[in-house]
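Here come two complexes built around subunit A, the first alongside subunit B, the second alongside subunit C.
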Partner chain A sequence: MTFWVAFLGITKRELLRFFQQRARLLSALVRPLLWLVVFAAGFRAALGIAIIEPYDTYITYDVYIVPGLAGIIMLFNGMQSSLSMVYDREMGSMKVMLMSPLPRPFLLIARLMAGAIISVLQVYAFLLIAWLLDIEMTAVGYISAVPAIFLAALMLGALGLFLSSFIKQLENFAGVMNFVVFPMFFLSSALYPLWKMRESSEVLYWISEYNPFTHAVELVRFALYEQMNAEAAVVTLMTAVVFSALAIWGYDPKKGMFRRQGKGAG
Partner chain B sequence: MSTEFAIVMKEIGFGYHRKPVLQSLSLNLKKGRYYALLGPNGAGKSTLFALLCQLLRPQAGTISIVGVDAAKTPRQALAKTGVVFQQSTLDLDLTVEQNLGYHAALHGMGALQTRTAITRELSRLDVADKRKVKVRALNGGHRRRVEIARALLHDPEVLLLDEATVGLDIPTRQQINQDLRELCRQKALTVLSSTHLIDDIQPQDHLIVLHKGTVQLDMPCADAVSPYSYQGLSELYQQLTLKEEVAA
Partner chain C sequence: MKRMLAIACLASLSQLSLADTIYVSNEKDDTLSVIDSDTLEVIKTIEVGMRPRGIIFNQDYTHLYICASDSDAVQVMDVATGRIIHNLPSGEDPEQFALHTDNRRLYIANEDDAVVTVVDTQKRSVDAQIDVGVEPEGMAVSPDGKWVINTSETTNMLHWIDAATNELVANTLVGQRPRHVEFTKDGSLLWASSEIGGTVSIVDVESRRIIKEISFRIPGVHRDKVQPVGIKLTDNGKYAFVALGPSNHVAVIDAKTYEVIDYLLVGRRVWQLAFANDQKLLFTTNGVSGDVSVIDTDDLKVIKTLRVGRYPWGLAVKP
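So, the complex of A and B:
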C-alpha cells in the first residue's frame, strides 16, 4: 500500500509538471510532425518500401516512419526526463525524493515508470494526429501497441536515467544529444528499413542491427500491426533492465552521483 | 543512551578525493533540544548534513538517529528525519498543497492522513492561506515556511535545517527563528540548524562550532560565552575559527 501511494504520488507529480509545461508537449509533437509532413513528403517520391514484415502490402514512406517517429518521441522524452533529473539534482529537488524512507531502487523505478506513462501519452497524441493525416492502424493495433510503447519508453527512460546519474551539470547535456540521441536515431530502423542501409554499408547495418533503439522501434511497429516481435521485446526488456540497474548503481550514495559531485560547500 | 539522544555520531570520517572534510567527528544531540551548528564556509556543515540525510555514507564511524543505526536500517532512520535544504527544493509550478502532497506520498501517507497533516503543519507555520497558491507566487519567507511545514509533515523526531534562513530579510529571519524554537518546545523535536549567521543563534540554544572538519566547541551557548569571558558570541566564534588564519 505504501509503495502504491508513493508510486501514485510520483506519477501525479510528473503528470502535473508535464501539463504545466505545455511547450514541452508542443515541441514533443512538432518535431515528429515535421518529419512526417515535410521529410516524409519529400522522400515519399524518392523511396519505395518493399513488402516487409509486419506490413502485408506495399506501403508509403510516411506510413513506414510513423513507428520510428513514435520512437523519437520516446527517445526525446527519455532524455527530457533525464535532463529534468539533472536539473532536479542541481536544484536540489532530487534530494526530496531520495529522502523518502522507501527503497531507493523503488523510487527510481517509479520515477522511470512515471516518465514512461508520459511518453505513452505523447505517442498517442502523435498517433492521433497521424490518424488525422490518414495514417491509420486498426483499433486493435492501437490497443495492442500500449504495452509495446510502454516497454520501449521504459527502456529509453532507463537510458536517460542512467545518463543522468553520470552527468554532473546541465551544460554537459548537449554532448549527450550529439553523441547518444542522434547516432541512436539515425543508426536505427526508424527512418529507413535496415536492408536499405545494408545496400550502402555493411558496417552501419550491423551497428544499426545491434542498436537497442532499432528493437524498440520494431517492437512498436509490429505491435501497431497486431503482431508480436519476440526478439525485439526481449532485447528491449533486457536493455531496460540493464540500464535501470546501472542507473540504480549510479544513484547509490556509496558509489554514485553525490559522491562524484564532491559537494562540500559548508 | 538511545532514549536520551536523538542523534549520535561516533568518530565520523569523510573526505572527497582523498581530501578529508570531516575527521573523527563525534556528537551526541539530546532529544527535544535546539542545536545551532556554526561554522565558516568549507567547515564541513553541508557534508555533515548530507551524511545525516544519507545522501552520502560515512567512510568511518557510525550515525544513529533516535536509536536507529543509519547504516543498518537507513530507511527507518530517514522516516524519523525531516530536512530543509539550503537551496529551495519546492516545485515552483505546483501549488503548496501539491508540493506537500508529493512529499506525503513519498512517505507513504494515505489521502486522509495527508490532508490532515497538511492542514496541521500549514496552520502551525502560519501559511494556511497559501495552500492553493503556486509556489512561484510566494515570497522567500513564505517559501521557507512551506519547506519547514513539508519537513514536518511525516511527524519526524529530528529536524535538520541546512542554512534555512539564508537569503531572508532580517524581520523574516527573526520570526522564523522564533517559530523554530517554539516548534522545538511544542513537539519535543530535536533541531539541528546550520548557519554562518551569528544572530541566528539564541542564548538558550546548544552551540556546536565546526571548523575544518572538527568540532571546536560543543556546549550550551550561554555557558560557552561567559566562562571564556568573550564580549559575545561573535568574538568567541572568531577566536575559534580565525585564530589560525590570523597567526598565518
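So, the complex of A and C:
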C-alpha cells in the first residue's frame, strides 16, 4: 500500500511538472513536427519508397518517419527526465525523495515509470497531430502500440536515468546531447530504412543494427501496424533491464555516483 | 456418395466466401499469376506464350483469351486445367482486345499493322480486318454491342466501328497517345485516356463529342510522369479510377462531377486496372516494380501490394 501511495505520489509529481510546463509539451511536439512537416517534405518521395516490413504497400517518406519521430520524443523525454534528476539533485529535492524509508530501487523504478507515462502521453499527442496530417493507423494499431511505446519509453528513460547518475552538473547535459542523443538518433532506423544505410556504409549499418534505439523504433513501428517484432521486443526489454540495473547501481551511495562525487569534491 | 457430399460442401463454402481469382499477365516472364482475392496471395503461376499482355475471359469463364504479343497469336486457355488448348489467328503483335457481347467475336488491335482484326472464336477464323489509325491500342465494345471502339496511339483518335457491318464509320480526335477506352455501364459515355496528353476525355456516345477533359496534378511528381492508361468505372456511377503510369499513382475521380478526389500511391508504372466481382477491391498491375496493388474502393486506400512476375500488364477477374 505504501508502495502504491509512493508510486502515485511520484507519478503525480511528474505529471504536475509536465502539465505545468506547457512549453515542455510544446517543445516536445515542435521538434518532431518540424521533422515531419519540413524535413519530410524535402524527402517526400512522392513516388513511394520500397516496401519493407511491416508495411503492406508503398508509403511516402512522412509515413515512414512517424515511428522514428515517436522514438525521438521518447528519447528526448528520457533525457529530460535525467536532466530533471540532475536539477533535483542540485536543488536538494532529490534528497527528500531518496530519504524516504522505501527501498531506493523502488523509488527509482517508480520515477522511471512516471517518466514513461509522460512519454506515452507525448507520443500520442504527436500521433494525433500526425493523424490530422493524414498519417493514419488503424484503431487497433493505436491500441496495440501502447505497450510497445511504454516499453520503449521505459528503456530510453532507464538510459537517461543511468546517464544522470554520471552527470555532476546541469551544464554537462549538452555533452549528453552531442554524444548520446544525436548519434543514437542518426544511427538508427528512425529516419531511413537500414538497407538504405547499408548501400553507403556497411560499418554504419551494423552500428545502427545494434543500436537499441533502432529496436525501440522498430518495436513501435511494427506495433502501430498491428504486428509484433519479437526480436525488437526482447532487445528493448533486455536493454531496459540492463540500464535500470546500472542506474540503480549508479544511485547506490556506497558504490555509484555519490561515492565518485564525494571523491570528486574531496 | 460421401465424396459428392464433401464436394457439395466445399462448393457451397467457396460460394459463401465469394473469393474471386484474379489472373495477371506477366509480360517479361511469359506467365500468368493467379491471385486469390480473399487471401490476396498468388496461388498459382501458369506458363503461357511469349509476352502476354491483354487477357480476357469468355462470358461463362471457361476460356481465357491471352494476347501473346511476341507469339503473334491469341491463345485460348482452358480455365479448369490451366492448359492452352489452341491458338486463334490474331494478326501480328496483338496487344489489347475486346470480346463482343455476342461472346463470339474478338476485336483485336494489331499495333504494327494499323488494323483491327475480327476473329470468330468458334470457327477460329478471321471475319474481317478493319483499317484504323497508326498503332492501334485500346479496344472496347459498347454494352449494347453496337459499337466497337479502337484507339490509335499515333493518330490520336478514337475509331468508331459499327459492329453490325465491321466498318469504320467515324473518328474522334482526342489527346496525345490514347491508350485505353471504357464505356459507362449504360453505354452513354466513353472514357478515354491519353498517355502523353496526360488527360482523360469523356465522350458523349450519341454525338461522339468530347464533353469533358480531365487533367491531373500530383504534388511532388513531375507533369511528364503523369501518364493516364487503364480506366475503371464503378457500376454505381460513383467513381472512376485512372492508372497514371510512371507517376505510381491511381487517380480517384468523382464520376458525376469529374473532379479528382484523391491520388493513391501504388507500385511503379501502374498500367491496367480490374475490379473484383463485387467491386469492393480494385487491382492494379505495376509493371516496373513487378507487383499488384490492391485498393479498397470504399475507404479509397491501398491495402496491400503483392509480388507477381516481371512486368505485370493485364488483368482478368473470375468470380
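By definition in this document, the second predicted complex is superposed on the first by the 258 of 266 C-alpha atoms of A that agree within 3 Å, B and C clash if a C-alpha of one lies under 4 Å from a C-alpha of the other, contacts with A are read in each partner's own complex, and residues count from 1 in each chain.
Rule of thumb we're sticking to: a residue touches a chain if its C-beta (ideal position, glycine included) is under 8 Å from a C-beta of that chain, and two chains touch if they have at least 3 such contacts.
Note that this is a predicted model, so its numbers are computed, not measured.
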item	value
Which of subunit B and subunit C A:Pro103 touches, first, second, both or neither	first
Contacts of A:Leu246 with subunit B and subunit C, given as first, second, both or neither	neither
Broader residue contact with subunit A after superposition on the shared chain, subunit B or subunit C	B
Subunit B versus subunit C as contact partner of A:Lys12, first or second or both or neither	first
First, second, both or neither for A:Ile129, with subunit B first and subunit C second	neither
First (subunit B), second (subunit C), both or neither touched by A:Tyr58	second
Subunit A to subunit C touching residues, read off their complex	44, 46-48, 51, 56-60
Interfacial residue positions of subunit A with respect to subunit B in the complex	1-3, 5-6, 8-10, 12-13, 16-17, 20-21, 91-93, 95-103, 107, 253-254, 258-259, 262-266
Of all residues in subunit B, those that touch subunit A in their complex	16-17, 21, 39-47, 50, 53-57, 75-76, 78-79, 81, 83, 85-91, 93-94, 98, 101-110, 163, 194, 196
Touch list for subunit C against partner subunit A, complex	218-221, 225, 247-248, 265-268, 293-294, 302-305
